[in-house]
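As written, the chain order gives the labels A, B, C and D, with residue 1 at the start of each chain.
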Amino acid sequence: MAEHAPLTDNWRFKLFKIIYHSDTKLGKWFDILLILFIIISVLTVVLDSVQDFHGKFGDVLYFLEWFFTIAFTFEFILRLISIQHPLRYTLSFFGIVDILSILPTYLSLFLVGTQHLLVIRILRILRIFRILKLIKYTHQAEMLIIALKNSWHKIFVFFFFVLTVLVIFGSLMYLIEGPANGFESIPHGIYWAIVTMTTVGYGDIAPHTVLGRTVASFIMLTGFSIIAIPTGIFASEIDKMKRETRKLKRICKTCGLRGHTKNAIYCRRCGHEL
Amino acid sequence: MAEHAPLTDNWRFKLFKIIYHSDTKLGKWFDILLILFIIISVLTVVLDSVQDFHGKFGDVLYFLEWFFTIAFTFEFILRLISIQHPLRYTLSFFGIVDILSILPTYLSLFLVGTQHLLVIRILRILRIFRILKLIKYTHQAEMLIIALKNSWHKIFVFFFFVLTVLVIFGSLMYLIEGPANGFESIPHGIYWAIVTMTTVGYGDIAPHTVLGRTVASFIMLTGFSIIAIPTGIFASEIDKMKRETRKLKRICKTCGLRGHTKNAIYCRRCGHEL
Amino acid sequence: MAEHAPLTDNWRFKLFKIIYHSDTKLGKWFDILLILFIIISVLTVVLDSVQDFHGKFGDVLYFLEWFFTIAFTFEFILRLISIQHPLRYTLSFFGIVDILSILPTYLSLFLVGTQHLLVIRILRILRIFRILKLIKYTHQAEMLIIALKNSWHKIFVFFFFVLTVLVIFGSLMYLIEGPANGFESIPHGIYWAIVTMTTVGYGDIAPHTVLGRTVASFIMLTGFSIIAIPTGIFASEIDKMKRETRKLKRICKTCGLRGHTKNAIYCRRCGHEL
Amino acid sequence: MAEHAPLTDNWRFKLFKIIYHSDTKLGKWFDILLILFIIISVLTVVLDSVQDFHGKFGDVLYFLEWFFTIAFTFEFILRLISIQHPLRYTLSFFGIVDILSILPTYLSLFLVGTQHLLVIRILRILRIFRILKLIKYTHQAEMLIIALKNSWHKIFVFFFFVLTVLVIFGSLMYLIEGPANGFESIPHGIYWAIVTMTTVGYGDIAPHTVLGRTVASFIMLTGFSIIAIPTGIFASEIDKMKRETRKLKRICKTCGLRGHTKNAIYCRRCGHEL
């Protein structure tokens, strides 16, 4: 993000460091304050949806609502003025999140019944990750993302297979059980298949015929065992990465060869001491 | 599949390459078109099962139904004439799928109430895998299949054990709870045991007696912990394969020795440069 | 089992080989016949519990019942006379299973309403494992058992921890929800906690109060994440064993050193060719 | 704990060894007796909550209640007098557990309706772990704790992500389904999302609209696949530790280099025999 920093005048750079970095004292405080604001503002949205709270503390929640909206608006403006390319930020993921998190309240002035849009503000919670950008956390997060990316192809094939199975079994159950037993259509059947295969099992739709239950048993045992597949893929992916990252840690200063065992004292390639 | 290619006359070989390969421009377009047709035709079947859609758009769905049937018939004919051994293909898995995906509609002309057979057409979705046959995807798919094949023996033993447990506990619960609590017979008991052990838990059949609930708790905790077994088997299988495939990547051009570490520069056996 | 073989007279040894081994032609046939008998006899027990079947085919099932009982009795006698130490076998696990699988039917002659004991006969299914004793299967089965044994201590600690958690939360929920919401006593609470933590979730007992649902959410997320623990333990155990068994495969014929890599040509210790 | 041992007078040290160690004959018996007392006293609390038991055996349970309370009080006093720093123990985790496990019964004399506090006594079960402190068990327990500690960062990021997802989807479902279908508020929605994503699926709250079920299906499949993530993290963590602990076993007595392979006879670094 360094290239976004305004190097020209001093106060803007100071502001930039406070808002976008957390290695300064003020920066840390700014981050902590922001987290608190985000969490509380999310709680207000959550509590506002509860009838009792809305009835009793409606006014307080309304006030808080506006307080946070203005606070986040102010924060957004600061972000824009303290950066080199305001537009680039605005169109970035977090930029859009910022807008989404303040827009609904303003819209609520003009439109009626848009209080529901406030939900979008919950996306604001995602911004906490921006503060988690400490070596450790990002490292871990990146690791997870990379692991997902590396195992993406296998997982895609897996889900494609699962989807096919769901459609086939959903249709089968629709044929076997029929509308009489709650399988009103193939979509209902597919929904039931998902509920069953993921082992959620609400029980709102359940087979009643002997054949239906036999097929259902088969689906359950399948789901039960294929749960292993993505776990297997993912576990081995993480494991492989772990091994590699561990290797990467020791690098020969002479020839730059990576992957030295913990107890090696000389470089395997150039023979120089590590 | 190359040996299936008709090398004699030119147009047939061209056709073969378009239909069976996806490395030519036309071949890619043929594949994409086919995927679209398959997905839409599956959707029509799905939507046709919904009462409202059937009522409102019955005619449209009927038309689409025939449009796709004819399209797939045409595709099937093309496949047969463009190949050396049509019969061999017809009797192959995908050949049978092709027939199953067009037959029901034709049968619906002669037979009444065979609209249900349309479900079989959903098998058509499996043909999408034929197009996914790109190195990456097949590699991944193959890997999964090989992993399953390698761990097959262990998984078989595991499922055999699970089945035995299910039969014993299903019967026990039938004895303990009895028809009064929904355990009408041993099959009902086994069905309940499957629903419980796979952690689906519909709740349509649930124990009510103290002893029944004690046994149930035992089954749940068992299921809870044996979920680990196939996952463990599979994960280690995948992991082992990953390690091996990684090794296989580097081969000595001189002596053909496999399994060189990333940072090796000379062959471990013959000493020649890699 | 060789030491059990009667070496004295010839026909007994022949019989022994047929019954206890499966490497002879007759032995294989004996095993296959036995499997069929076991499966069918189990099915009869299962079907007999279904009212309709019992009503319609009661006589057939009764006849089959006796046919299989006599058949298994005959098999048991053969096992005893063909072996050196009949008593030792009788007191072994499979010996007891054999007795349990024939006794109930005989008892049913003297006692009334012991048809329920027939369930024990389902234990007979376990005898199929005796036939599965082919290198591959036993190898796999042994591997699983060893893996379980090796990770036993960790899994015990884990289950001890889980039990403690279940008791504490079960009691908490009994306090929070109370009999009004189905949590009639602490055992009910513990039962609910098991149903919830194992992600079975029947829904026959579910929290209704705000506090209860909050605690429940906490239990679910805990269960959701601790599912990882035994899987992790087991997966790594299997994995470790895999690695070791792979190592064990290559042994130096000169010094008997084990654990040579696939591409090694000379023994690491004595320098002799492998 | 040795530094807590009172070395001055003899009888106190003897007592200390009996209570805090289990390597002496008396110490073992003390531990076993304590376990029995704890388990039985927990059972009394559990059974006391069952109406029938309370009615029939109320007096017996009351007597046992007081018997165990006095016994544990006596044990607590012994622990305090046999140790160097009684206060330090009193303020330790197990010290507090000890107090919590005897206090409620005494309070019940003064306060009315504090029988519920007895639940806290169940915490007493945790003390069993103190006896499990045999090399093996602690080793395993420590391993699990370390593994959790090492993968803590990743798991934290994971749960943070899950929480965000739960809040967003919970709110979405509240918007889609609304109070009419049991989604009375966002908290209800979040509770439903937890029940669904953890694959518990009570079915007390379930989507009814088409859109709601579509979103629900998405959540289920997500939960179904992200179950893999902590398992993957944890499995690889355990696995890594296993590898390391295995390595640590062989140490060169000359240069103290760790991580020698099983079949190495000379130290890789200093060349001295191992």
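As a convention for this text, a residue touches a chain if its C-beta (ideal position, glycine included) is under 8 Å from a C-beta of that chain, and two chains touch if they have at least 3 such contacts.
Quantities reported herein were computed from a predicted structural model and do not represent experimental measurements.
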Q. Of the other chains, whose C-alpha centre is the longest way from the centre of chain D?
A. B
Q | Same-site or different-site touching of chain C by its copy chain D, using the half cut | A | different
Q | Pair with more cross-chain C-beta pairs in contact, given A-C and A-D | A | A-D
Q | Centre-of-Cα separation between chain C and chain A, whole angstrom | A | 41
Q) Roughly how many whole angstrom separate the Cα centroids of chain A and chain D? A) 29
Q. Which positions in chain A touch two or more other chains at once?
A. 187, 190, 199-203, 227, 231, 233, 235, 239
Q: Would you identify the shape of the chain contact graph, picking one of line, ring, star, complete or other?
A: complete
Q | Parts of chain B lying in touch with chain D, wherever the complex brings them together | A | 199-203, 231, 235
**Q.** Contact set on chain C toward chain D in their complex
**A.** 153-154, 156-158, 160, 163-164, 167-168, 171-172, 174-175, 184-187, 190, 196, 199-203, 206, 210, 213, 216-217, 220-221, 223-225, 227-229, 231-233, 235-236, 239-240, 257-259, 268-269
Q. Any idea which chain A residues touch chain D in the complex?
A. 42, 45-46, 49-51, 116, 119, 122-123, 125-126, 128-129, 132, 136-137, 140-141, 143-144, 147, 155, 159, 162, 187, 190-191, 194-195, 197-204, 227, 230-231, 233-235, 237-239, 242, 246, 261-263, 265
